[in-house]
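In what follows, chain A forms one complex with chain B and a second complex with chain C.
Moving on to the complex of A and B:
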């Protein structure tokens, strides 16, 4: 029990850090999802030029570590004179980064629908807007839901990186506690446990969605 | 804004020397994970406690951030009296984290081989070893190459997090140069380009291997 004392003294501080982690992940996941849907539509319907630009964007985002981009913005923002609080700078980078992965998820969902669905909708004389709204999206989003949830898990894990550029969230909070208590093993395992509870809950929800989406087939 | 050539002449070799460490870490992690992940995936098919332990391992590492695992290993081991070097801690954490993902990739591959092939092999009187090495694994290997390639790219990006424990890989080199020269733009552009080259090489090797092994499909 004595070994756990540092953790028992500071768990509330870690919980507050976890709240910040959730806030940050939540703030990033919404724009990332919205932009991801738009990019997926560009990929499926866009003109060749727009698709080429999108390909470059995806290539760059998939090939560069998030940490490099976060650090880049951290050093660059003060130079540009843009008065953006660090929190929003981080949220901006994470949304742009995850939008690329989200767009892949939604694109795969849209493209995995059988051609017959498109043909049927068109032969009923539907406009593209109506077709997307009542035929394509409801099915594609159901297929995309499980991989979407795993991207959310990945995003929650990625928020730990912002501690390296000095933002306060769960990982930063646990580092501060370690500096005070000199008990890295207990504190970091406590932090890992909190991350696990958040991410595993999401993962279980993803598995539930996956099982449910298989029922229709 | 023309880049200072003298500056570039000094920063590029420094970044490349960091890139060598990045490449070493990535290649070692990938090779170890190829073996370790297969062992975990095979253990996962076990119906006893071994399968349960493998499952728990996979869920634990997939649902906690690499950075926290890195801190647990680096600081925790040092506190426990077995200090590991930054490189070794980084390698260990990268292998533990990515081993969980690689195991899941193998599991998908193993499940994609029809149950009838196992039965046919047994009906022919094959021993388990022969069945796996001549029938099952060649198909599994051919099928897992695309997701393995993605994992390799993800490993290259993950190595940047090892900068947090002061290993002089490319990310840390870039940070040190930015701090000392205030030339944010050139240094980060250089690091980003080298990361893009490294991940493109991994993607290219994956494509070539995929084509080479297409016969096994």
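Moving on to the complex of A and C:
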């Protein structure tokens, strides 16, 4: 029990860090999802030029580590005169970064629907907008739900990188506690447990969505 | 065969009055010189076909002859490169500009609107798997035509009763047999009150024991005076129900005529061979 004392004394500090992690992840997931859907639609329906630009964006984002992008934007933004608080700068980078991956998830969901579903919707006189809303999206999003949750898990874990640019969250909070207590083993096990609980809950939710997606299939 | 079908009241909203004075039948579908290519492969080579209101035309022919493409061009699920298609006088997909005489593609909204008047039932049913049977049937009338939900549901239940599936309204398609799914697909298409119904080999994917129930629904529809184009390999259905049979091969109409003439004395050797093969196999 004595061995766990540093962790028991600072668990509340770690929880506050976890709260910040969740806030950051939540703030990034929403725009990343919205942009991911838009990019997926551009991929499926866009004109060739728009699709070519999108491809370049996807290749660039997928080819650069998130940490490099975070550092780059951290140093670049002040030079451009854009005065964005570090929290929002990080949220911006993570949103743009994960939007690329999420767009692939949603694109795969849309494209995995058989052509027959599109034909049936069109043959009933549905406009493209209506067809997407009531036939394609409900099915595509259900198919995309499990990989989407995986991306969310990945995003939560990726927030640990932002401590490198000085933003305070669970990993940074853990490091601070370690510096105070000199008990890295206990503290990082505590941090790992908190990350695990967050991600495992998300994974369970993903499994629930996966089961739900089987309704009607 | 489903008893509920043979004695069923009309599947069509406004069936023609039997015994009413007959004017010259108005053309419901007119296709003129329709050409459709997939890359270098020309699938329809200038097909012209006219179907009168209330007429049942059965299209037969070997695989790859362009039958399905013909249907898909009628409601523009496939774009065609030349020719015109009109349904009840309204152009489908393209209209001719009176000044330049050039074909002009209609807007997506206009094309969607014109599809409302044309029902199609597919070989693989194509029901929406995430919707119940009832939701499948009411989705388009409510969202596309703006029919009040209560009215659309009442009509859907009526159609389900007529195709013998009253008890399946709350089921998901996956819980239904192929024949039941196909009858739901017919009800779904009819819920839009189409002027023309097209059937694309609707029994081909069915267990032979389930074919009868689908054909019975189609026969009922034909009796009710619905204008129908049916692509099928069911020669007995063609003989019993069709007003006219069209034989296609190589993207052209090779021969057309009354069923009794086509089956008894086809004019072309190719049709004779084709039907002989069916006679030998199925002894129709």
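Basically, the second predicted complex is superposed on the first by the 216 of 217 C-alpha atoms of A that agree within 3 Å, B and C clash if a C-alpha of one lies under 4 Å from a C-alpha of the other, contacts with A are read in each partner's own complex, and residues count from 1 in each chain.
Heads up, the rule we're going with is that a residue touches a chain if its C-beta (ideal position, glycine included) is under 8 Å from a C-beta of that chain, and two chains touch if they have at least 3 such contacts.
Here the structure is a predicted model, which means the values were calculated and not measured.
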Which superposed partner A:127 touches (first chain B, second chain C, both, neither) = second
Let me test your reading of the model: by the given contact rule, A:117 touches which partner, first (chain B), second (chain C), both or neither? second
Does the superposition put A:191 against chain B (first), chain C (second), both, or neither?
-> first
*After lining up the shared chain so the two structures overlap, which partner does A:135 touch, if you call chain B first and chain C second: first, second, both or neither?*
second
In this superposition, the partner of chain A with more touched residues, chain B or chain C, is B
After superposition on chain A, the chain A residues reached by both chain B and chain C are none
So, in the complex, the side of chain C touching chain A is made of residues 75, 77, 108-109, 112-116, 118-120, 122, 124, 126-131, 139-140, 143-145, 172-174, 188-189, 192
Note: in the complex, chain A contacts chain C through residues 116-117, 119-128, 130, 134-135, 138-139, 142, 215-217
In the complex, chain B touches chain A at residues 59-60, 62-69, 71-72, 75-76, 78-80, 153, 156-161, 163-164, 171, 174-175, 178, 184-185, 188, 191-192, 195-196, 199-200
Chain A residues touching chain B in their complex are 59-60, 62-68, 71-72, 75-76, 79, 153, 157-158, 160-161, 163-164, 171, 174-175, 178, 182-185, 188-189, 191-192, 195-196, 199-200, 203
